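Same chain, two partners: subunit A is paired with subunit B first, then with subunit C.
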Partner chain A sequence: MADEAPFQLLHSEVIQYIYKSAEGETESGRNVTKLENIGFRVGQGLIERMTKDTARFKDELDIMKFICKDFWTCVFKKQIDNLRTNHQGIYVLQDNKFGLLSHLSVGKQYLEHAPKYLAFTCGLVRGALSNLGVKSIVTSEVSVMPSCKFQVMIQKA
Partner chain B sequence: MCFWQNYPLYIRSVPTQNELKFHYTVHTSLDVVEEKISAVGKALGDQRELYLGLLYPTEDYKVYGYVTNSKVKFVIVVDSSNTSLRDNEIRSMFRKLHNSFTDVMCNPFHNPGDTIQSKAFDGIVSGMMVQTA
Partner chain C sequence: MSRQANRATDSKKMNSELFTLTYGALVTQLCKDYENDEEVNKQLDKMGYNIGVRLIEDFLARSSIGRCQDFRETADVIAKVAFKMYLGITPSVTNWSPAGDEFSLILENNPLVDFVELPDNHSTLIYSNLLCGVLRGALEMVQMAVDVKFAQDTLRGDSVTEIRMKFIKRIEENLPAGDE
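Right after this comes the complex of A and B.
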């Protein structure tokens, strides 16, 4: 994969651009949705390329483990630190040193801006899962930077 | 031929008469593919490969299947009279198809679920069909 620095810089610029071009509009929730949708499409293409040579997945847990290990390593050069599940379709992925947040702050400063930076990644995970045949909703939460949690809720048809 | 969630994304055949027959064969072979995918879960120690092999032979032609991790199915139909095609060659055909399909997916102008319009994909498929014709 390409180096981290260009991706981080591009990501920050995309966020800035979206917010600047929406200045004057009252709906600010739309920006987060746009970022998430960008991430979704990227996730779909990325997962197609990554699963080209891997064996078929046995079940949902296998898919989540793949996301935590190979997928995260490919995009962020490290694995997810903690995966928890209630075995009923909810998974929590915890990353203690999230690459896209680590240059923002360490601690509680700028906490209110953190969701913007996590929207793309939420979309990325949702897109990857969607192309693997798993419909889901991905949300994120941050309490202390740069650690963050992604919650994946699998939607049963 | 290439399927996504059982909708056809792409179909190409040479020669162009009998196209309807190929459509029919390919649709029925989807059932066999589904069967094979669901059977893998129960068979322990199975290799979990992406290539499914010969789906079923009829008098006129053989049907081969391949499924990706993103649940996209590829089906190739060849004339039975063409006995020079070995398993390895079919495998390499599927590999090439999968590679060019991945390229199509990564194209930002292509939306997943639309029929494939990429000229590059067309080119690869034509190249393969000319070889075997």
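Right after this comes the complex of A and C.
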């Protein structure tokens, strides 16, 4: 079953819709928030279904590994290429060939458009973590397409 | 350490759930943004259309299917190849009109509505209307104008989901339509 194409196209449509419906609005931050919220809902649902038969996680790092391997494979058909942490609640997930950027020109030309293609995924990760009981803030960073970094900051209760 | 074994999730199935859930979140957002269901239906159709005009390329490249001889063949390709490829289901093709220009796709189960229940105040929402747009857009790119709509929907209490497709005409000139 070739289901990457429908998801990718749907994802682009969602972005286009959100940006179009807010035309004239000067704040682009609101659009990013909306996309993030949509991703959040999806992440919550997805992780719930993925983990229903898995054993309990040992700790935070174990959860992050699960996100990098199983969750990423399920969503993007590959694993995160590099996971780094400062062991104080900050994790940086690096994907060298991020699927949702793969149809954009490689390089720096369209860098300013990158945030809207990453907002959904930021929400996705935050939603997944939130349903595993980890509150977080997820931000993204691109320096050269199609590679990108997601920074997860765990919020201690 | 049996966990690793447990974690071998069925990634194919999960990926279709990703689509289903994303679609659900989108419809939810549309329902928030628009006041009436009609508008939401229209928007879904439009988005589907945009997806269809692009998806057809992926479809032709992947399936290496050539030109269809008639509308019946088109119907078969849609049901047996396209739906199978992208949604993992094979709807049955039935209820042909005598003139052979109209048929129904019967979906026993529709993956888009896997986790969905329609609340009472959205009784006129055609939840899966995106599909109509996709079919319309995709066929338009192969010079076929069709009319696509939902005739029955399990979400609204019918026993099956039925998509009715009507052939309107061949599009003669191969000019790309306005990309919305």
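The rule is short, and it goes like this: the second predicted complex is superposed on the first by the 155 of 157 C-alpha atoms of A that agree within 3 Å, B and C clash if a C-alpha of one lies under 4 Å from a C-alpha of the other, contacts with A are read in each partner's own complex, and residues count from 1 in each chain.
Please note the rule applied: a contact is a pair of C-beta atoms (placed from the backbone, for glycine too) under 8 Å apart; a residue touches a chain by one contact, two chains touch by 3 or more.
Quick caveat, the model's predicted, so the values are computed rather than measured.
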Contacts of A:D70 with subunit B and subunit C, given as first, second, both or neither: second
Subunit B versus subunit C as contact partner of A:E13, first or second or both or neither: second
Which of subunit B and subunit C A:R41 touches, first, second, both or neither: both
Touching partner for A:S21 - first (subunit B), second (subunit C), both, neither: second
Which superposed partner A:R49 touches (first subunit B, second subunit C, both, neither): both
Residue contacts with subunit A in the superposition, subunit B compared against subunit C: C
Touched partner set for A:L132, first subunit B, second subunit C, both or neither: first
Residues of subunit A contacting subunit B in one complex and subunit C in the other: 41, 45-46, 49, 54-55
Subunit A to subunit B touching residues, read off their complex: 41, 44-49, 51-52, 54-59, 131-133
For the subunit B and subunit A complex, residues of the former touching the latter: 40-41, 47-50, 67-71, 98-99, 101-102, 105-108, 112
Residues on subunit C engaged by subunit A in the complex (per definition of touch): 2-3, 6-7, 9, 11-12, 14-19, 21-26, 28-30, 33, 43, 47, 50-51, 54-55, 58, 62, 84-88, 115
Of subunit A, residues touching subunit C in the complex: 1-7, 9-11, 13-14, 16-18, 21, 34, 38-39, 41-42, 45-46, 49-50, 53-55, 66, 70, 73-75, 77
